[in-house]
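Right after this note come the structures.
Both of the next two complexes hold chain A, though its partner changes from chain B to chain C.
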Partner chain A sequence: MNPGMKLLLVMLIALEISFTQSLVVNCILIAVSLVYILTQHVSMKALFGIIFWPLFPAVGLFVSQWLYGSAGIHFAWILFTRIYGYVFLGATFTLTSSITDLSLTLEQDFHLPSKFAYGVLAAFNLMPKIVEEVQIIKTSALMRGEALHFWSPKLYFKSILSSIQWSQNLAEAMTSHGFVEDYPRTHYKVIRITALDWILFVVLFIIVQVLLFFIRY
Partner chain B sequence: MTDVSINHFTFHYPDSDVKVLNDINITFKSHHFSLLSGPSGSGKSTLLYFIAGLYPHFSGIDAVGDIKFGDTNIKDIPRQDVSKSVAMMFQNPNQQFAMDTVIHEMTFVLENLRIEPAKMKDIITHALEFCDIQKLRSRVINTLSGGEKQKVALACIVAMDPQVTVLDEPFASIDPGSRVDLINKLKILQEKHGKTIILADHDLTSYQNLVDEFYYLDPDTHKISLLDGERAEHFFKNFESTQTINKKVAIPSGDENAIIKINDFKLLPHHSLLLKLAHFDFYKQKTTLITGANGIGKSTLFNALTKLLPYEGTIAFDGKDIKKIRPLPYAKHVTLLFQDAENQFLNITVKEELDLSLANRTNTDYSQADVDDMLNKLDMAGKDDRIVYSLSEGQKKKLQIIEMLIMNPPVLLMDEPFKGLDYHSLEVVVGFLNRAKHDFHQTQIVISHQLSGLDTLIDYHATFKNQNLAYQEVIK
Partner chain C sequence: MDNKSQATGGKKQSQWTLRNIILIALIAIFTGIIFWGAGFLYTGLTVVLTPIGMAPFANDLLMGLWCMAGPLTGFIIRTFGSAFLGEFLGASVEVFLGGQWGAGAFISGLVQGIASELGFTFTGYKRYDWVGLNASIFTTVVVTFAWDMIRNGYDKFSLPLLLGLFVTRYISTFIFAGVLTKMIVKLLDRSKAINL
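== the complex of A and B ==
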């Protein structure tokens, strides 16, 4: 499915389950997402991550609603499954779609300005460098006799300074590579929203509506 | 013929009286390989950015005078067509790609130029073949070495096929092998394909019989002049003489006076072996100079010594494994002066910066009078309220050195501490370092390409070569 459409669908459904209270539908969404993810050959580590890490907020919500809430254990289970619903729906997108394809479709089909699409992509590709940079900032602060922690304002000040410098350099590099804002470009990989994409989008969306309408438990 | 002519070109920052470029009148000839030299921070980059059409768009400050490609003023070329005339290769290999993989970046470049998709594959294959990097085609750019990244940058330029290519210190952080490869490719582009190459570099190694013209940006007058054969020769000779010192140093042995001991050591960042040492010692209260080619791993060794990077084997400081010393106490004993001065700054003004060092130092060997004296001698007095980021590169370096001297750690590692300093300041700094060593018993380990002027400072010399570090008598 087209990554842009997929993202939109996932976000719509996630928004809906925030306002509905159906335990069964939440479970169906989680199950369907899991089956989809399993068919896409994702790594065991990633799968473990999306099952393990949400456990903390989910259990937290469950316990506080169950013990201290007024709406009972059924609602506690809804909250528990809602957290997993968000994570698994999100994972159907993040674990199976490439950020490059997303920017291509945002630029070509959703008519987002190209500077935005490529700017986001460039920033995303800089992520590993940012992690390194934070490490360098921390070490250089040690050399000045200061230990910076993740809550230290100086760490953020220095990181923001670096980011401004990098974004400037990156903009210059993109310009030097022929990129001109708001000017037409050709596309080697054309990503279209096909009829199949539309059908899938509409059918899946309707199915969720029907389920939510009939299954109120 | 598209000569690049610079006419009555003057540039200065609005809040400064100093002209970075002062009434420049030169012509970079078509189909020629021109070298523009001059000290770091003298304004070479500024001129190149204007030639590449990136300034004034990105600087926000325009210059007086004009730059012409043939008869056309660069400002009259529509923005979407500038890339057909000129492309630029940058100094920092890490910040010139927008996409994740080599093939995606090259596709991005061709899409920007509105090349028909059907032709892209052939253009890319040809450009990669020209640069001998077909095997990098699908690689993720972040996993490439500095030299490989610069080759990819060149492949992008080959694919774009502009008439003029400007390069801003493109070899500053890459290994010597890649440097030779890239220079040869540039020469082929110039000779066989009729391209115009304008390259700025302050390091003159291996350009002598290669370039057609040698331009020099004088840091005092801020003017650029074309040097004739004789004067160019003089500059190349002069440069060579700064690459060596006529001094024989002793080769240390034994481990009585060793302060840092390295054993069974392997440095393997990104899974490529940079350094393998069975045993190596650095000695107490001595200044050890480390030399070696760019990009070979000297700074990476410092990163290991300061626990910034993982390594195999053991490093012991004063008999204790550094992995067992907590980061902050260790940093107070073994301190690194970063190559990039800005990295070292944590505050906004000069005064705040100095106060931080005074507050966090572990001893009070330097009195306030000493500090004032150092500031005076380096012409840094009276700048208390200046914002550190607005200082010139040379001033940043001076402030950084004074700060780290005040901290007065037992071991001071310095990565290119003299970069961007004029010769007089260098002599003053050498005096400070000698005092720290003799009066305060400091151990100093220095990475430096600049050698002249360091005669009185250096006690030992270690060469970094072929994944090995070894003490040597001669300094070259």
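== the complex of A and C ==
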């Protein structure tokens, strides 16, 4: 499915289950997402991650609602499954789609100005370097006997200095590769929203509405 | 991401240049990665607080940290939408790094982005001082709290607990999105690295 359509669908459903209170529908959504993820050959490690890490907030919310909430244990279960719903719905997108395809389709099909699509994509592609840079900033501060933590203004200050420099370099590099802001572009890789995408989107969305309408438990 | 209106907004010299867009994204990713490193804090706090049913406090204690990217980018690129974009992208980083929220982080990012943007909107994008920052803190706390009333079922809690959570969130946001942001902006201002 087109990554943009998929993200939109996932976000719509996630937004919807934030307002509805149906334990059964939450479970159905989790199950369907899980089956979809399993068919996509994702790594066991990623799968373990999405099952294990949400356990903390989910159990936390469950217990507090159970002990102090006025709506009883059923509502506590709804919150528990809601967290997993978000994560599994999200995983159907994040584990199977690339951010490059997403920005391509956002530009070509959703009419996002190209400077946003490519600018943000360029920044996201630097993510491994940014992880490295944070480490470098911390280490070089340590060499001067200064420990930087997430509450140290200096850590952010130095990060922003790097960002300023890198953004300038990246923007110039893109310009020198022929990128012109606010100018129509041709595309090497064309991503279209097909009729099948639309059908899937509409059908899946309607199914969720019907489920939410009929299953109130 | 509906940045279309933001890009075309502003008759005079638009701040939305390629360089500024990349700058906002980079700052958002940097802060996202720094918080991600502090993710163990959230998990640890949750584990400690869960047995007494106070796990939501972990969320509210750290809320300010998660809402820092918005005011920060809003202060650096002073135009409509920059706080929103920064906050939203900051939250998206977590999705791609494999945070524990999944699609929830996208939606939280949307809500937090709108929340911190509103503060700057209310001051007409003119007050880039303590007043503007406090307006952004206020809208961030109120909007995100309202959202948690729905999403995390806070509305089912008793009033004292609710007040406790609200105050905790306010203090956290004030410290991280307020005081810390102010200190960072001051450093930037003194360094003359960027024209604020």
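The rule we apply is simple: the second predicted complex is superposed on the first by the 217 of 217 C-alpha atoms of A that agree within 3 Å, B and C clash if a C-alpha of one lies under 4 Å from a C-alpha of the other, contacts with A are read in each partner's own complex, and residues count from 1 in each chain.
Note that contacts are C-beta pairs under 8 Å (C-beta built on N, C-alpha and C of every residue); 3 or more make two chains touch, one makes a residue touch a chain.
Keep in mind it's a predicted model, so treat the numbers as computed, not measured.
Partners chain B and chain C, once the complexes are superposed on chain A, both fit on it without clashing.
When the shared chain is aligned, no partner comes close enough to touch A:Gln209: not chain B, not chain C.
When both complexes are overlaid on chain A, the residue A:Trp166 reaches chain B and chain C alike. Applying the stated contact rule after C-alpha superposition, one finds that A:Trp66 touches chain C and leaves chain B untouched. Contact comparison for chain A: of chain B and chain C, C touches the greater number of residues. Of the two partner chains, both chain B and chain C are touched by A:Thr175.
In the superposed model, A:Lys154 makes contact with both chain B and chain C.
Residue contacts after overlaying the shared chain place A:Ser18 against chain C, while chain B stays out of touching range. Look at A:Gln40: by the touch rule set out above, it reaches neither chain B nor chain C. In the superposition on chain A, no contact is made by A:Thr194 with either chain B or chain C. The overlay of the two complexes leaves chain B and chain C separated by a minimum Cα distance of 5 Å. In the three-chain superposition model, chain A touches both chain B and chain C at residues 118, 122, 154, 161, 166, 168, 170-171, 174-175, 179. Interface of chain B with chain A (complex): residues 49, 52-54, 57-58, 79-80, 83, 87-88, 90, 92, 94-100, 104-105, 107-117, 120, 141-142, 156, 160, 306-308, 327-328, 331-332, 335-338, 342-344, 346, 356-357, 359-362, 389, 403-404, 407. Against chain A, in their complex, chain C makes its touches with residues 1, 3-4, 7, 16-23, 25-31, 33-35, 37-38, 42-43, 46-47, 49-56, 58-59, 65, 72, 76, 89, 93, 95-107, 150-153, 156-158, 161, 176, 180, 183-184, 186-188, 191, 193-194. By the touch criterion given at the top, residues 100, 118, 121-122, 125, 128-129, 135-137, 139-147, 154, 158, 161, 166, 168-180, 183-190 of chain A touch chain B in their complex. Those residues of chain A that touch chain C in the complex are listed here as 7, 10-11, 14-15, 18-19, 46, 49-50, 53-54, 56-57, 59-61, 63-71, 75, 78-79, 82-83, 86-91, 93-94, 99, 106, 111-113, 115-116, 118-120, 122-124, 126-127, 130-131, 133-134, 150-151, 153-157, 159-164, 166-168, 170-171, 174-175, 179, 181.
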